[in-house]
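You will see subunit A twice below: alongside subunit B first, and alongside subunit C after that.
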Partner chain A sequence: MATVTTSTPDWSGRRSTLASIRLAVLTFLADPQWLIPSMIAPIVFGFVSYELFLGSPDLVVYVILGAGMMSMWGQTLYGSGWATGQDRNLGTLEPTLSAPTPYLFVVLGRILWNVVSGLIGIALVFVVVVAVSGTVPSIDNPLAFTVLFLFTMFTLAAVGTVFAAAYVYTRYAGFIQNVGEFAFYIGTGCMFPVIILPFWTNPIALFFPPSWALDALRYAAIPGYVGFSWGLGWDVVGGIGTTVAYLLIAGVVFRRVERHVLEVGNLQEY
Partner chain B sequence: MGAWPTAAPTRAPYRSRFWRTLWTNAIVAPKTTLGFMRIDFVLGEIFVIPLTQMVFFVFVVAFSYAGASASEIAEQISYVAIGNAVATVAYASIFSVCQTTDSEKQLGTMEHLLVSPANRTALYFGRGFVPILISIGSVTMGLVYAVLFFGVTVAPGSELVIAVSVTLTAFSMVGFGLLLGGVALYLRTSIVLGNIFLFIGLLVSGVNFPISSLPYPVQVASYAFPLTWGVAAIRSAIGGTGLAGMEVLWLGLALSGLAAYGLSIALWGTFEHRAMTTGSIARF
Partner chain C sequence: MTSAPAIEARGITRVFQSRKGFFYQDVTRTEALRGVDLTVETGEIFGLLGPNGAGKTTLVKILTTLLLPTSGTARVLGLDVTKETEALRARIGLVLGGERGLYNRISARENLRYFADLYGVPYAEREKRVNEVLAWVGLTEAADRRTEEYSRGMKQKLHIARGILHRPEVLFLDEPTIGLDPKSARETRKLIRSLIGQGVTIFLTTHYMFEAEELCHRIGVLSRGRLAALDTVAGLRQLVGGDRTIEAEDYGFEDSELAAVKRLPGVSKVVSEEYGPVTRLTIRVRTGDLSVEEVGRSLIGHGGLAVRERRTSLEDVYLDLVEEETN
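Moving on to the complex of A and B:
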């Protein structure tokens, strides 16, 4: 009688994510024009805000951080949604979900690259704003700033992963991206501190990890910054807590979404 | 053997009727080629985007004028609220309309369309019909939000002047969108072009700050963009300028719109030729 041998699946999360990042980079290099649509809005908003800030040197850092944040947000929202939508249109979503590699790692790789590519927006705004204002903003603690900046990027990736899970499930990814764009910029305080919004909006903002991370980043970068009253330390704790929660939610949602869409068989509907 | 069959009588070449083509396109385009015309998008464009866009820029103003007097802050908020209410016209008029060529390419219908005898002018104008209505809807809703939430005061008796200004702005901006759609015929995609002109008005059209603060060449160039005239006209109308005082602004608005429509029709042949020679007619 023949024996059935079981083998461990031929994949690992790390390898899948790295492969996905590599593919995302290659796709980007082959057709970099797709970076432009999601970068135009943040850059224009950055310049408009600079003009509205009346060129105040104190607010230059707000403009650069805000435009950069919006650029990364845009890339996360549009990039992850667009990739899933494109998979759906081209008919590759079903085979990708049927592959042994969990779709979560495929999406994670794309999102990580999308967030990193959003840095091009911040670089562009930095160069132009510095050229126009004639001042290079100084940062008190460059090391803390760098660490917190990387942390902010990671929080965006966590949110992007949850959105991507929802995008697999829904045909309305485009709607969420386009209609929700300004709401995300407002809710996470991209161009101004969340505390200047009406008080009832603050708890909603705190559901998003980037709100905590950006507040912490401003505490580290802007002397005399007045953000959430609990200060930088608790911002970091809150940011880590919400990011972990998002990643856990993303894991659970992805598993359920994958099972559900395969059962219902509506992956190709668009 | 019988005689050779006689040739069938030749008919006059088929000419589609102008109004039929116009109306068919007006009805069909939102379901096929115009971008973002699903009902959820349309409702979002009219009811959600104007509010969120205005809130964003109003809070930027509130933050930057933190130390200013209450009246100065209110004045700036009012300025930005009106400007952004009008700027939302670009979503339907530019972003949706200029995607028609992309959609045709992706659906594989562009080649068939170009060899059809359909009247190009009717085809073009027909597609703009529904976006004009949606543009009017989004600007009107934006102005309602401006009054309800941002303290904008509308001068008594100015409703008719505002309505004419909003309609002219929507009409002219759709013309500009059609022009961009034509240019996109020989580009690989219209998305980049659409995104640039969707937001560039925020910077150069007096939406958030007066255009006098821009470099002079940019000021001059901004008057080629119908949104600049539209924003100025609607601001004046809200301020209580009567019919007589609106002549120049309306003329500028109408001329910039007509120029866009005229150019889009006149250059369509050039766009077609370029697209055929570069092969971009089927590239997306």
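Moving on to the complex of A and C:
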């Protein structure tokens, strides 16, 4: 009788996430076209927001947070979805989905990598702004700032996950995202505090975890900052709450989307 | 071991709805599969033939959990393809033909490592397994080159390497030799055949009759979403009226001569085709003792007449079946 040697399969979400990070790094090294969004864009953002906030006392921190976060946002959100779009283009979405591991773990790996590479952007903005303004910013509460900074990255990743699902759903996700992206920059307070925007935009911004996190971050960084009236503590609570909601949505949406594409059969479209 | 068949499909249908236009949506319904029943036994090589658009790829995707059927049920290795997908995916392999489906900026080795992780090849064995399959498909030398530099044949071999990396019990191959030169195609077929020795069940689709004939134990002919036939090669030959084919060639035949040939004992079908000035009659003979000479006698008066007998090829069978289905 013929024999098939099957050893117990050894797949896990963690392993797939690590494999996905590795693939992202290798792809990045093989083709450094990402240098453009991760280097040029932050520099441009840096100059633009410098002009915008000229005359404000906490100019430097505003600029770094604004431009830096814009760059981060672009990296995590755009990059995460982009990679799935790329899977569609290459025809690798089908072999990836035919593996036993849920695709969510692959996306997670990419988002983590994008968060890391987004940090390079922030560092660049920092260098540019310090060079242009000639001042090194002082942070009000460095410990809180660091913790909140990491938290902000996490909230960005949560939104990125939901967006990546859209790319699995349809090949038109890129179009939707391009249209929506700029609105997001402003709506979430990446660019400047949500509080200075027209009143009606505020409730919308609150649907996005990064709005809360960024407001908290500004409280921690800028002495005398006036953001959301409920203050830093509730910002953190709101940030955690919305992030958890996003992660839950991502989990559900991903399962639905994976099912949906099997129903429609559009995996190979690009 | 379970004695359940490797693949069991019952009443599989699949309807695609595609939309066109933005404001006025035109919905087109395509019935890609219209009730497919089929069973493939463990250790068998099963071949699926059928014209373009017959639904072969659709069936493969349904059986490999990449597409949901509109109705019907299918089990592979006893697992429901729509419900027990995770468990099933770890135990089956899929090779989709063509240029796409690889990360082209990175090497073949890195492609394989990545999929080994996703498919859960035991980590301790990963490098060994990657090297093994690379050697098996003959890509050891090129293993560290980016796959964008690969020829079509090399890509196809890499697809197959990826397909068997996790040692699947059932391997699905959708047109594994498409676009390959005869030598690469032959090598690929050799690889496929060698899997059988290892007990892998194989389900393959192809457009090449000889490939199916050479590799497969049983063959299904899919036509417009339905199985027009499913049998061994010998069985299929019987199905279309006999094992023998006699060909007669000359510069044109009269209708009366055609009628006379059709009336000969044992003749089940006569097809007339023109090749430039030459007309060829293909005469299907239900096993009997009609001889080439008798055919020649009924076409008397043709100076340059050539009559010969050949074995009914799978291609004859296939064309007959597909023709029947379209009429």
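Just a few scattered comments:
Rule of thumb we're sticking to: the second predicted complex is superposed on the first by the 251 of 270 C-alpha atoms of A that agree within 3 Å, B and C clash if a C-alpha of one lies under 4 Å from a C-alpha of the other, contacts with A are read in each partner's own complex, and residues count from 1 in each chain.
Note that in this section a contact is a pair of C-beta atoms (placed from the backbone, for glycine too) under 8 Å apart; a residue touches a chain by one contact, two chains touch by 3 or more.
Remember, it's a predicted structure, so these values are computed and weren't measured experimentally.
Looking at the shared chain after the overlay, A:Pro95 reaches subunit C, while subunit B stays out of its contact range. Using the contact criterion defined above for the overlaid structures, shared-chain residue A:Ser133 touches neither subunit B nor subunit C, since it reaches no partner. In the superposition on chain A, A:Leu26 makes contact with subunit C only, not with subunit B. Counting residues of subunit A touched by each partner, subunit B versus subunit C, the larger count belongs to C.
By the touch criterion defined above, A:Val44 lies against subunit B but remains apart from subunit C after alignment on the C-alpha atoms of chain A.
Taken together, the two complexes place no residue of subunit A in contact with both subunit B and subunit C. Residues of subunit B touching subunit A in their complex: 36, 38, 40-41, 44-45, 48-49, 52-53, 55-57, 59-64, 80, 188-189, 191-192, 194-196, 198-200, 202-203, 208-209, 213. Listing the residues of subunit C that touch subunit A in their complex gives 16, 43, 58, 61, 64-68, 86-87, 89-91, 94, 96, 98, 100-106, 110, 113-115, 117-123, 125, 146, 162, 166-167, 169, 196-200.
Listed in rising order, the residues of subunit A touching subunit C in the complex are 1-12, 15-16, 18-19, 22-23, 26-27, 30-31, 90-92, 94-101, 106, 259, 262-263, 265, 267. Chain contact summary for the complex, subunit A toward subunit B: residues 33, 36-37, 40-41, 44-45, 47-49, 51-54, 56, 59, 172, 174-175, 178-179, 181-183, 185-186, 191-193, 196-197.
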